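Note that the chains are named A, B, C, D and E in the order they appear, and that numbering of residues resets to 1 at the start of each chain.
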């Protein structure tokens, strides 16, 4: 009974992506779209091999992953700290929220010039742009998560004489973890969104930079190959987060 | 005692934005940055008035808000339905997750040409790009939220003979609401991120379109005025969501 | 002798051919310059990076130059290094055969760029105004998709997008005869402060560019190979359009007239910073440097 | 036919293990018990001995590691509406009003809305909660929540009722009322009831049979028939039979509790405890 | 000085209202009570009468709508470490092991880690939970969770202990052990205890005084001194004094419970109930 269900699950898991690729190939082969503007999987696969074998893929990956990782970590850590503060203290919330709410929707691509002015063309500016998107996403999740920590647990902690510090790090933080992890997982895709802006600002390598270049050169096959790499990185990152969060958040509310 | 705390909260709430503006003015006035690339608030205010009085602001707002609202609603509704499905059924999860995880990180700006090929230059394509960002953000929150619904409540519902439908809409959905609202609130900023891509695809008006144009014209004052409008819209939207979510989610876990 | 360091903000595209060659064939190095190239996907960003102090010299088109001049930015226009005609492709199904057929059609172009000035010039030539057509703003790389999806009837833009679109759409499009209507220029620009304190360096820079330009004339096949590789194009895509790019490091009347035409369009269309007036380009163009290196290349008669 | 043929629970040689990381907890082992159709059976035993675990297995929440668990001849895999459950911890839907909580199980059976409301209101009235029908669970006291949970399980008339310390948070008098509602339901509908309690008198008063479990890992230590006639009255609790059964059960339980709690019990727990605890520790001490 | 001067609770003419939407619930009204330093006071009353509400106000969780609530002469605004609380519902930190939960209150007081562990382990041992020190709350039975909650409040030696039905989920024998631990702590450290229970015998056995509350809105109906000498022994529960007090309290409570539950009680709850409930309803009926 059980192993059968598991088998069906496996089939479901491994069938959807191939199915997508199949439909895609059929659509393009049947001439429903222009195969140069939207090339079939076979062409993309060739472009992918070309991309990988030229060594460019590894270079691009190296740069992009380092930008994403650094910007992401900086954004996530600061967001957790400030989110704990604003979530747990209404003065801090009153002070920071209006500014954050104003800045939050600003698309990083809109202030690439300003970032160049401020940070020059160093990697710093690129990290900052990734940081931007990640920070606000995670901040919101921590801020709201802290506010939904079980009241009884907060009361218990106060009766037990918890200091501000213990309250934040041993009660609010773990209590908000389910929300924080959701924010962290959402921020994975946001960080890739912002990578596009980051690699507009004077990059010479990177997945998003390559996207832009191949788009300009109408090498759509290469472009889609780049997108697939993004998808793979993010899938792996999310899987890791999922496993980690299941381990850390072992309780059920 | 209490009214005093409330007074301080008010002061905190209304002081941060003015403070930000003040620092900004001082930094620019002291010649720390090129005032054309990063103009002082006074210049931005003038640009804002110009933007508003020319009537362009209203036109742009009309277009952008309609694009965001339509794309957002479509994305959110579909995401909630599919999220309930994948969150509650492991076969659905096994089938959809790999595809969604692959597509989720793809920045909308990267497939503007593909969207044009598929949807043409109609508003449909622009809605789709907003939809894209919102869908995946909200889907993830529903999907994860459903998995964190209290086990005892699910057991209770099963013992009471809940049908699949009742389980999804009367147990999973309300149980996951705190997470769903977080996803919906995060998706507000994501929808503005994607608006930039949407209004690259053959627009002739819109806040993000105007950003692009004024950037080209080096009317940075106007550009920042546009960003402020984005900030205001999103602040209002988030406030509404916050009020609504506090009303709907009246319980504490 | 110590190499002098300089940062060049370069739009990574065949239009930057001269600087690409100067760097790749070591003409900068031979002139005693250590040039660090920072690539951008548009000339506008390259110029902004230079204005903001991130880089020293920019390669950029006329549109960002006029925007900066009107915003009273202290820029120094050193030389034009390339120009190429803007072109028009029309979809066959739209029935457009000549300029006289474009009334009521949907035209794709990129707002704020030379493409918009070109479009206005085309309309004028056809005896039409903006109201007679519908204009759709698109990035150059999105225009082929726009025609393919029947979102626009024609596209006005520059190379290599015209040739890539032709390749993608084949017999679905035809090119209209629009030679000489408007040429997009690509130029070397720095800031006045940088120029003032680095005259000797800038002289070496211009010299190296001229050397590169000459080498390109003599070795076109190798030049094509290098440029294609640098910008990431297929060599086979670049070779057929190579002749469309006019690489010449000069300051001529056409340079001025393109700037003026673009500035005039800005004023007329309101795409200018508030309170802007027609800039005095004699205060923007700094011909002495090029004159000092090759006097015959400066032929501006009036501003 | 006054007796429903359904509602037959059989557990044979059941073992339940919980794995957590690298440690394994054996919760119950070698448990065999049965509940005949229409029978009222209680389980008592020391805290942590595995009573809830047994109930959870029958309810279909937990899978037995080995052994047979059958309801009406079918191996139990998952929860079902024929088995109503009253949970040890609160399990009301916090987003539904008290009445909607009670109506939930009726709605799943397709009862029309107006009828649902009548039924729910009637039962809430019985449990003294009618005035709170529109309150949300957050706005109830502990005992009120527990009563709503009981009512919610009763209204659907399951064939089997699995109740995990359902009256633990009620005062004596409220408890009597709830017991009466339960007994009435049970007698009218001849449902089978498996009832967990730590109140020995309650177990005797309500049950046909009582199982006593050993300390962890829980096994069945004893099984007692309660021969008292029905209907049972408060007066019976002074009868010699009652007192004897009570004494017997108390002794059985005491042994097991002492095993479960360890040796410290003998010392009253505090002798030899020379730890200074908290800021008041030193001053507070004699 | 054998008696701590601290731990004095005074409530005078207190009223607590809950607003929810447009309806207002008066939970308690005109309540006046006091707990002297070092005194053991219990509150009993029917379900939903406002016992937890009174305790929550003293703990600083809920604000009184009017009236005086003072601890050691100071108006209560917020929780404080000098008031330890044992909650009616489970309130363990689910992300901490049992031992870490117990250590939490010691850590806040800056006790070094190794000492904390010793104290926590000692108390867990007393409560029969040492084998579970590394388990997480999710892996405990209901009664075990409750015991951990009690231990967590006891280890910090607060001046005042506020306990809301702390032994509700324990079997008789385990309850006796926990009562002994509590009584010992209380006698050694002369802390003040406010104890809510629905077990009348427990209230008598443990307390110096017992308050009886009326049905909602809760008021103080009666206050009884318990003149039994200490230490109290199990034998006392057969003494005429004990039995008389018990009878008295039972009568007081019964009246209130009946008020609280409404009139249906008299009918046993089921007569006149001709509703067809569930799929088994019709068949099940006689």
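One rule holds in what follows: a residue touches a chain if its C-beta (ideal position, glycine included) is under 8 Å from a C-beta of that chain, and two chains touch if they have at least 3 such contacts.
On a predicted model such as this, the values are computed, not experimentally measured, just so you know.
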item: Touching both subunit B and subunit C (chains); value: A
item: Distance-maximising chain from subunit E - centres being C-alpha averages; value: C
item: Chain whose mean Cα position lies farthest from subunit D; value: C
item: Chain centre separation in whole Å, for subunit E relative to subunit C (CA means); value: 82
item: Rounded Å distance between subunit D and subunit E, as computed from the means of their C-alpha atoms; value: 22
item: Between subunit B and subunit E, centroid-to-centroid distance (C-alpha), Å; value: 47
item: Per-residue overlap in subunit D, given as positions that touch at least 2 other chains; value: 89, 105, 109, 136, 156
item: Junction residues of subunit A - those touching two or more other chains; value: 33-34, 37, 113, 117, 215, 252-253
item: Per-residue overlap in subunit C, given as positions that touch at least 2 other chains; value: 48, 52-53, 141, 144-145, 148
item: Every chain pair in contact, whichever chains are involved; value: A-B, A-C, A-E, B-C, B-D, D-E
item: Residue ranges of subunit A touching subunit B (in the complex, touch as defined); value: 8-10, 12-13, 15-17, 20, 33-34, 37-38, 90-92, 94-99, 101-111, 113-114, 117-118, 133, 136-137, 140-141, 144-145, 148, 150-151, 178-179, 181-183, 185-186, 188-190, 192-193, 195-196, 208, 211, 215, 220, 223, 226-228, 230-235, 238-239, 252-253
item: Touching residues on subunit A, where the partner in the complex is subunit C; value: 33-34, 36-37, 112-113, 116-117, 120-121, 200-204, 210, 212-219
item: Touch list for subunit D against partner subunit B, complex; value: 59-61, 78-81, 83-85, 87, 89, 91-96, 104-105, 107-109, 136-138, 152-153, 156
item: Of subunit B, residues touching subunit D in the complex; value: 152-153, 155-163, 166, 170-171, 174-175, 177, 249-253
item: Subunit D-touching residues of subunit E, taken from the complex the two chains share; value: 2, 4, 18, 20, 23, 25, 44-52, 88-90, 105-106, 109, 118-119, 122, 125-128, 130, 134-136, 139-144, 147, 155-159, 164-165, 168-175, 177, 180-181, 184-185, 188-191, 198-200, 250, 253-254, 256-258, 260-262, 264-265, 268-270, 273, 275, 277-281, 283-286
